[in-house]
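Got a structure here, written out as structure tokens. Questions coming.
Letters A, B and C name the chains as they come in the text, with residue numbers starting at 1 for each one.
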Amino acid sequence: MLGYALRRLALTVPVLFGISVIVFLVISLIPGDPATAILGAFATPDNVERIRRELGLDQPLPLQYVTWLSGVLEGDLGRSYSLNRPVVDEVLDRFGPTLILAGAALFLCSVFGLVAGVVSAVRQYGWADKVITVAVLVGISTPSFFLGIMLILWFSVGLGWFPTGGMYALFGDGSIRELLWHLTLPATALAVVATGVVARLTRANMLEVLRQDYVRTARAKGLREGRVIFRHAFLNALVNIVPIIGIQAGFVLGGAVYIESVFQWPGIGRMLVTAISTRDILLVQGGVLVVAASFVLINLVTDLIQVALDPRLRRG
Amino acid sequence: MAEPIVEARNLVRVFGGGRTWYGAKKPELRAVDDVSLSVQPGTTLGIVGESGCGKSTLARMLTGLIPPTSGTIRLEGRPIARLEGAEKRRFHQTVQLVFQDPLSSLNPRKTVSQILAGPLEALTDLDRTARRERVRALMDEVGLRPEFIDRYPHEFSGGQAQRIGIARALAVEPRLMVLDEPVSALDVSVQAQVLKLFRDLQERRRLTYLFISHDLAVVEALSSEVMVMLEGKVVEAGPRDRVFRAPRHDYTRTLLGAVPVPGRRRAA
Amino acid sequence: MAATTEQRAEPLPPRGSTAWGRLKRNSLAVVGLAIVVVIVALALAAPILPLADPNITEPADRLMPPFSEGAWLGTDQLGRDMLSRLVWGARVSIAVGVAATLVAALIGSTIGLIAAYFGRITDNVLMRGVDMLMAFPYLLLALAIVAALGPGLINALLAIAVVNIPFFARSVRGATLGLVNREFIEAARLSGFSDTRIILSELLPNVLPVIVITMSTTVGWMILETAGLSFLGLGAQPPQADLGSMLGDGRGLVMTAPHVSVVPGVLILILVIGINLLGDGLRDVLDPRLKSGALSRPVARTEVAPGPPSGSGDKGALLEVTGLETEFRVGRRVLKAVNGVDFTLQPGESLGIVGESGSGKSVTAMSILGLVPTPPGIISKGAIRFQGTDLLRLPLRDLQDIRGNRISYIFQDPLTTLNPLLRVGDQVEETLIRHQGLSSRAAMAQAVELLNAVGLPDPRTKARAFPHELSGGQRQRVVIAMALANRPDLIIADEPTTALDVTTQARVLDLLNDLRRQTGAALIFITHDLGVVSELCERVLVMYAGRVVESGPVDAVFNQPRHPYTAALLACVPVLGEPDRSLAAIPGLPPAVDDLPRGCAFADRCPLVLPDCRAREILLARSGEGRRSRCIRWQEVGHG
């Protein structure tokens, strides 16, 4: 298992490398002169000259990449011209709030998705299954940005139960309680689609697993249904569900862009939207790189959980 | 003795092996390990062995689906090297294969006539009408009713589907047919029908068979020569009656002793 | 490998029903279809509908609420008619979503097909590239692309298409991989087809359903995601508007004029629900696994149709099955898998049940402990008395006390019957703890003893092994250990050696025979192999089309069959050592079990058939000492 973990960890290196290449190549997608495009409104001849030098734009592309990558490895993601500060500082400041929001949503979607999916499969064709199926269908069809607006409209504007946005109260004490109070609506809005997906795939996997011969064997042994379903069926279904939750982490991290905009959450998503509209390409690049890297780590973790569950995956 | 229709010398097929990019050795499997054989026209060579003995790999090499790692195959005296162009065409016109799983070997989205016309289009110069004609003749020969011509594979039972597979293999009038467990997916009553068809076809067309099976009784019923394989190697080969009545190798004896026979009781 | 396996309760899909017919029967899919058709029709008809110009601003009429005069969905902050903007906006959203889907499907499917067909390096290079795209959180890569190309609808479309390519590439590759190893692809190679022809004519038609399914499940997202980019101001640029940008425009007005954002939001929601409903319906129709309703999960025991409890007959019998009927109800078809089976089993007796696929032998065996999958299986009639109690009328909890304890099963394929995630020792231990209430430590000690008794070398280590670490023969020994754990009175073995090689089979049969004799358990042995029955059983039932056609002592039945089917079956099996006997094939096929004839089911294939055979039901009647036959001419069998 440890050997597998180390090998798997080593495998993330080429993935991270690939990600850095794609993120880097984004700049080459820019039509026209990248330097002017990167600087946009801040394009004084001085600045243009400086960024040319920094990115080595007069050099061939592979060399530019090497220059850029060595900067990245030293923690230098360039300078944000719209904010006039190093990209890495801004990104790190914004990373925490995004992790809190995405983590909360991921937690919600795993718990509710798994429970709903298992109930739905075990009670197939029963009323609980029907209710869950309909709820899931609406859930996965909901635009999260629209749902966010509706939640604000009902729970903040209408009922006044939750704040309309932000991460802490303006003059609050910054306590955990306050954070949770602010987190409830955005995390819910962000989790809804992912919960639907997890529930649906959990149901499908449970149904598949319940048809397997070993479940019949467990029943033939006289085991009680509870044990048949949890120890024999659910455990096997979980092997396939864990990577699905990993994929949801990607959707949640991406969806955070909308939710942070709607709820004025001070995370990377909102930073990215602003950065794109001010054409602050280096800031976009830095933000995407960091979030993508953290997603790679999440997938590493789900992979390891999957392997811990399933001994068959430990070979090779 | 006439010239053998197929002759293989020292065939070896290795799967896996080599090294990974960081230099670790990959596990290596010698699926077929130094096998030689030769088959006279109009006879049947039966190849028996248990799962993993390499008999199916051997079938795939002899029909050109996979190349041998080393060793030579001569077909009607001509060595088989790279299969390209006219060489490939001639090869496939001479050797065809009948598969184990009749349903898996038929494209579910093609009708019987499309399936049977496939090899005719690619390997012969027959025109459309001639192909249609040949397809009808083939169906008649393997005992499929003419009204089945536009049906899809899932509409057939296992035995009928296997007849389609046999007709496809016969389409280009090959001289050698490799039969890879052609009846093991069938029920016994249907199995007998198909075995009978093989016997009839061989008589009518003077076909040569390479018959591969794990079922000793079936091999005994159809073969003139027999080869017993174990872990990629040939442990015993010879005329059928000699091998079955007076086995020389321990493994052959074990194999024969393990077969349950109706009316024979196991020693308690 | 012997692959003559009895089909286990996997009924055929209803025949002759077209895809469209099946879609129509799914009411949710029809609702989805209706929603999609209406919205798409409106969007397409936008230029000819009597709508206000969506871009004419009218500051005097700004933010009129819905149901106002002349603007029944109200107006927006610039006084533009909401209804008109909605229709035109939907037109843009749908067009962009569909276009992005087509682009992603075309590129992704091509990658998937090529990667799977050529494999090796091609596969590696292409799929590592796809993995790179997948390594990005879904929307972020799209954002990065839009950031570089600049905001705009076409750029948003391209960005969304690119991030969806992996979904197509992966699912098409997966589906193709399942096909490239199928024998019909090898057959195509032997037919001399070129690679291009194989991809286009053999593979593509077979993966097309997968492509359609992926399209129908992703088009909804793509509409959502492009709307999302527009919502953020990165897609459609004014004056052009799609549903997303309308929603984005309205979000600042949520408190004063919620309708400006609610109206487009609700339309996106309805549209995507419609698409998803339709997509699910299409998937059910096109996915062959779902066609037969096979994705129903079996419940804890087979459903039993209500009937009167039956009185006991033979007091001394261990098991008494009377009038058992088990059927599969699939749609309107009723497949009578077991159609009136009777037999009794004395303590310690060994009984073989033989028959071909579909004869009902496995279903009979699984009916005993209610292990026939429901749905679609149902035990519609009969009684199964075990030591005097009717198992069919027993409460589930009491039945569970008998399962694995007094009666245990050995199933066919030892790889699939063991739970792949649990150590084999734990799986044996589990049944001991359940029925004997042993402590975990005592149970493990006993499990190791059992593994030793079934001849596993080094049982202590092997107990800690996972099923995939054992060979087929070893796995079947574990299953036997599990079956013997609680010293059952009856063992039911369903083709336990069919998946094994002959030499392994011989050893496993020896083991089973020895252990059974030692423990005095009775045995029901189900197989298609007449030789195995001869070796192991005292009595035999021959089944055909869901019924017992002959029963009696094994030697007597096989030496002098008294039913034409038994005789034919014996005559058509090649026997080792008798290579020159002519194989008397049985003409024709067994009847379909949803359309059984009134009289004898074997009549159409029988050499002795009389008009009487088809006229009425033939009963199982005495045909000698301890023998019964379902044939009116049993005395003539084997004489002509």
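FYI, contacts are C-beta pairs under 8 Å (C-beta built on N, C-alpha and C of every residue); 3 or more make two chains touch, one makes a residue touch a chain.
Fair warning: this is a prediction, and the values are worked out from it, not measured in the lab.
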What chain sits nearest the middle when you go by CA atom centres? C
Which chains, taken as a pair, are joined by the highest number of C-beta contacts? A-C
Quick one: chain A and chain C, Cα centre-to-centre, how many Å? 33
Measuring from the mean C-alpha position of chain A to the mean C-alpha position of chain B, what distance in angstrom results? 53
Tell me, which residues of chain B touch at least two other chains? none
Would you give the residues of chain A that are in contact with at least 2 other chains, written as numbers and ranges? none
Taking the touch rule as given, give the residues of chain C at its contact with chain A in the complex, in rising order. 128, 131-151, 220, 224, 227-228, 231-234, 244, 247, 251, 254-255, 258, 261-262, 265, 268-269, 272-273, 275-277, 280, 294-298, 300-301, 369, 371, 373, 397, 400-405, 408-409, 411, 413, 416-422, 430-431, 434-435, 466, 468-469, 479, 482
Taking the touch rule as given, give the residues of chain A at its contact with chain C in the complex, in rising order. 14-15, 18-19, 21-23, 26-27, 29-31, 121-122, 124, 137-138, 140-146, 149-150, 152-153, 157, 204, 206-208, 210-225, 228, 231-232, 235-236, 239, 249-255, 257-258, 261-262, 272-273, 275-277, 279, 281, 284-285, 288, 291-292, 295-296, 299, 309-312
Which of the residues in chain B end up touching chain C in this complex? 50-51, 60, 63-65, 88-89, 92, 96-97, 99-101, 104-109, 118-119, 122-123, 157, 159, 165, 168-169, 181, 184-193, 195-196, 214-218, 220-221, 240-241, 244, 254-266, 268
Given the complex with chain B, which residues does chain C contribute to the contact? 1-4, 182-184, 186-193, 197, 202, 205-206, 356-357, 501-506, 509-510, 513, 517, 528-536, 555, 558-559, 568-570, 572-577, 579, 583-587, 589
